[in-house]
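Paired with chain B in one complex and with chain C in the other, chain A is shared by the two complexes that follow.
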Partner chain A sequence: MLSLRIMKKQIFLGIILLLLFACNLAYGSLSIPLKSVIEILFGSFEGKQTWAQIVLQSRLPQAVTALLAGSSLAISGLLLQTLFKNPLAGPSILGISDGANLGVAIAMIYFSVGSYVTTILSAFAGAAVVLIIIIYFSKKVQNNVMFLIIGIMMGYLASSVISILNYHASADKVHQYVMWGMGDFSGVSLEKLPYFASFAIAGLILSLLLIKPLNALLLGETYAANLGVKIKSTRILILLCTGLLTATATAFCGPISFIGLAVPHIARLTLGSSNHKQLVPVTILAGGCVALLCNLLTVVPGSNSVLPLNAITPIIGAPIIIYVIVNRKNIQYFN
Partner chain B sequence: MKQQITLSAFNLGIGYRLRGGKEKVIHPNLNLQLYSGQVTCLLGMNGAGKSTLLRTLCRFQPSLSGEIEIMGKPINLFTQSELSLTVGVVLTEKTNAGGITVFELVSLGRHPHTGFFGQLKEEDYKIISASLDAVGITHKSDTYISELSDGERQKVMIAKVLAQECPIIVLDEPTAFLDVTSRIEIMILLRKLAKEQNKSILLSTHDLDLAIQMGDCLWLQSRDNPMKRGVPEDLILDNSLESFFRKDGIVFDRTTGKLSSPLSKIPVGVEGDFNTSYWAGNALTREGYLPSTPSADYTSIKCVSPTEIEIKYANGTVGHACSIEEMLKCLTNRIL
Partner chain C sequence: MKKSFIIFIIVSVFLGSCINRNREITVDMPTGIDSVYYARGFNISYFDNYISVDIRDPWDTLKMRQKYILVDKDSILPANLPEGVIIRIPVERAVIYTSVHTALAEQMGVLDKVVGVCEPEYIISKSVLDKIEEGKIEDLGSSTSPNIERIMDIKSEIIIASPFENSGYGVAEKLGIPIVEAADYMESHPLGRAEWIRFYGLLFGERGKADSMFFAVVQNYNRLKQLTAEVGKRPTVMLERKYGASWFVPSGDSYIGTIHADAGADYIFSNYRDSGNTPLSFETVLDKGVHADYWLFKYDTKRDMTYSDLVDEYPPYRNFDPFKNKKIYICNTILTPYYDDITLHPDWILEDLIYIYHPNLLPGHQMKYYQKMK
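Let's look at the complex of A and B:
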């Protein structure tokens, strides 16, 4: 009975995801009639070639990117929350996104690196450095709030190093970097998409393989060890997975705030469970939904301009986090 | 059922390895045996190293010296999954499991038995529901952990350990945060499991009364002395407990098995109805008198019923009290 209810919720989320995906294809800063969009997708369109190009070369990869980046960030948030036993952890709040950001900044400004794989690798290196420092502090600071503040400090440190780098860099490189740093899903062209997608999907699959140890970690590391979980290697795998997902999303879409922090809460609240067997798939779906929704909302109706993504994500994310904090006494997974 | 040694330690040194090769030794030399079908209570003051010992026996931290054997095999030869099938733990660690149900938590106990994805088979379901039954929490299967009382949470953790199907169960202060009735409930439950399922149960506790009442065997751990072990009554009768708890201002009373302030020398005779005189004696001890057999040399109390207490003063006069409270008032007014 329980599984039927959960299955219904998953199917419901799946339908919402498809609808949002379709909206992302149909709706953009240039209005294209729905009928034409459908014809373009099915290859039977014989009208303006620019329309076909917009739908296939711009909107389609952008929607796929939003879907995967949203899922990636949401899962890395969930992994961090479970690993650190802290429901308010997330890739941006712990400074991991900023670390990835810093990695890209160093690569772009100092080494003039532009290729996707090296961008990902430098983002991953940056994220990994912050993760290692964070783990070091997680052993020293047991208090959840203090730990989050250390994460926020890490983020500030990374940002200040980025500012210093920018100060010394040439104007065009800074411009290139700043454009990247605005954060949006349109940066991934159809040619880049396979690279992005394969890294993101690899990370998401890895997260599915971690479901069993993640559940054991709900009891804490000592209990998990007693249940046969190899703590050290599990922790490394979780961090690899988090680093990979955050780095991939950040390298291609820029630093995106709040999705990693807020979506696991949306998933847990709709699901009513912290059992990772259901929570991981639902977080992947919900992450995709939220990112697609945010992407839709960046389009200003009746104008050609597009808002920066990071102007939208807090509008959706921040109220959820505030709601969760205010109601934490009544939310099961907080107690 | 035959009682077998399931866990033993020889010349075990426990403590912590510090940086630079130094060691902080908590106890240099422990020799222990744990038997199946028994509840063993580990007693010791704060700082005696109870948790360190338990952690070492479960291999959560390395020993400094000596040997630990589990089921006759050195503990270091166990793989982690073998160990997880042999020793199950209930800890004081705060969990993050508020958002899963009782059933889901107990099913985590099946982890060492299930495959890569943790898929539960029919047999696993059977064992989980049997474990829920054994601790009497089946009716809460679908309840969130966050909605349970402390006592219920402890029961769920014990059910988890049962689902793990380990012959040895180690519990770190399982009764620490519980109210009086839950404490007794948990201890009765553990006894039942030891007897019915022939488990070796080792628990640390500060509850002296409960340990004496329910423990098959006590381990008395203190920093500077060798570990004492024995049946509680033997340890009381041979004065081990008395010397173990010796401290300024505190005395272990061999007759009652309780810790109290040092016994006074002012004797007061007590006789009569068993129940009333027992509790009259309890009240007298608290007030600093020494309950004794009645004599004409000192004040005596004759308990007829809980509401009828006769006080014969040393000078021959007789007073009446209708409650222990009144009796105590009469005594303080007249004797001192």
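Let's look at the complex of A and C:
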């Protein structure tokens, strides 16, 4: 039962998403005329071969990656915020992305294997290990705040091991690792895109299936249990879904800050509601929009260089978080 | 009359300053070698009872970064010394933070005066590793925060460290041990970087040896450079590869840019003039480098990279002509002493590069650092 007002908002977001996607294809550090970009996309371009390669092999996969990674991170943020009833929860808070970081740091710095595939695999492995530990604790510790603290501790543990590894690493390796840590949508090539997309889409579909239990959780766990929601298995499902989405995004794009934390708030602000039936699709759309916008902003106009992604995301993310904190009473939260 | 008086005054003031300056003796040049100075980062002036070495700030060449006053250990400390960091020479016990400068000490034959090094895991030299094993050289841990207590314990007289922009040396600065800022890596000419050996030579009392080593390098480098002066076609070359979203390319006037130009190649970003490395987007590099003749890059994994590794890493690399034509040359910085030799032996690296770009100029040369990617 979607009201017209909400439908309108979703369509509006969809249009913005398409526009941003188009901008990502048309605009980059190399200026390619719009007409040529369109011709390239429709396969009728006969000019400079390099331009076609740039649009099809670099900009297109990058835009799709940004879209999916943004949505994935935003949804994991939303799921965690609902699960913990904490507006400041996000994918990085449970240590899952720190686990991915640790995996990459071990591979890159300790074993000196910096190839693309090993980076992804080690990020996945790191995230999975942390996720398994988290799920183990989720069975032991029922209190959500305490559980959140365990997650944060996991993150600290991972970061401290990373510090030790960095401390002993050569400048080159540290540079390589730091570059990875700055986040990057350009790493997923057309060939790797199907792998990334299938994991991300699987996670997003799983999140759509979680809408009902999520809404029930908003009423409180005892209430939800009375409604027939299996609290324990729901918790594990939510954690699995978040873990899958965060691990995928982090493995392929590096640890991207703020999107997961900020976008659910953007979604709530636009909707004025915390009904997940509307919130989940809007968060997916808004996540894609924000990531595409950030990706666009990494290109410095009139320069050949690009800014690191994680230098851009907080510029959008931080003001939103501040707004949320200042105006907390006015926004529909967890009720 | 009045006019000639003024001229007299001017001339005498001028002469006076000259006389004052005459106390500085210029460095003796071996005969037969062009007495050109390549380094921009330091200069050495000799005085009656001390040597003054001024280090320019590599990030702001108008500023001076450090002044070292080198005074012989056997003589009494002169009373009228200018302000600066006093180092008594020859240094008998030195701590060296970087593997590069440890390698230099070894090449100068003063390894027995090195008492501590940082990050031995990046040292390739067998004799240094043996000395660490025997305990003659202390392992001081990371160069960003070395074991200060050990440095004090081993009674080091100086610390040789690489400076970074806007950053100090932490607690080490408070030990009262002079820190020699080895800013050679900021030199824009390969021989300028090599010339720093003359400063290091002074520290260890090996002035003659260091000078002759340097001039031998200059001679060999210029002989090799001369070979490419008349080449007909200068192949174009692109360098390095992308990390994260950015492709860091060395600027045209960096020592990397210079050495490739001297090897008879046209580096595609030679017009980039900002110091150090410039982060470029993949698009920019592809646009500029797609038809390059050669592609050279360095990497630091234990296993040698192959064409398929490169595709795995980022498939659009395939678009570059050097990829299609198998003209990629790679340098493994873990398995070859590239970083040990780049400072003092740019001539050896130049030799490899000339062999890559113009194999007919150096027939039968065996490459030491680079290899053809398989």
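Rule of thumb we're sticking to: the second predicted complex is superposed on the first by the 263 of 335 C-alpha atoms of A that agree within 3 Å, B and C clash if a C-alpha of one lies under 4 Å from a C-alpha of the other, contacts with A are read in each partner's own complex, and residues count from 1 in each chain.
Everything below uses one rule, namely that a contact is a pair of C-beta atoms (placed from the backbone, for glycine too) under 8 Å apart; a residue touches a chain by one contact, two chains touch by 3 or more.
Since this is a predicted model, take the numbers as computed values, not measurements.
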Contacts of A:V117 with chain B and chain C, given as first, second, both or neither: second
Partner chain(s) touched by A:K212 [first = chain B, second = chain C, both, neither]: first
Contacts of A:L237 with chain B and chain C, given as first, second, both or neither: neither
Partner chain in contact with A:K85 - chain B first, chain C second, else both or neither: first
Contacts of A:N226 with chain B and chain C, given as first, second, both or neither: first
Which superposed partner A:R268 touches (first chain B, second chain C, both, neither): first
Partner chain in contact with A:K277 - chain B first, chain C second, else both or neither: first
Partner chain(s) touched by A:T298 [first = chain B, second = chain C, both, neither]: second
Contacts of A:Q53 with chain B and chain C, given as first, second, both or neither: second
Chain B versus chain C, judged by how many residues of chain A each one touches: C
List of chain B residues in touch with chain A within their complex: 58, 60, 80-81, 83-85, 87-89, 91, 93-101, 104-105, 108-109, 111-112, 114, 116-118, 142, 144-147, 164
Touching residues (chain side chain C, partner chain A) in the complex: 119, 121-122, 142, 144-145, 242-246, 278-284, 286-287, 290, 299-303, 309, 312-316, 319, 333-334
Footprint of chain C on chain A - complex, ascending: 28-30, 49-50, 53-54, 57-59, 112-117, 167-168, 170, 172-173, 175-176, 179-180, 182-187, 189-192, 254, 298-299, 304-306, 308-309
Parts of chain A lying in touch with chain B, wherever the complex brings them together: 2, 82, 85, 209, 211-212, 215-216, 218-220, 222-223, 225-230, 268, 273-275, 277, 331-335
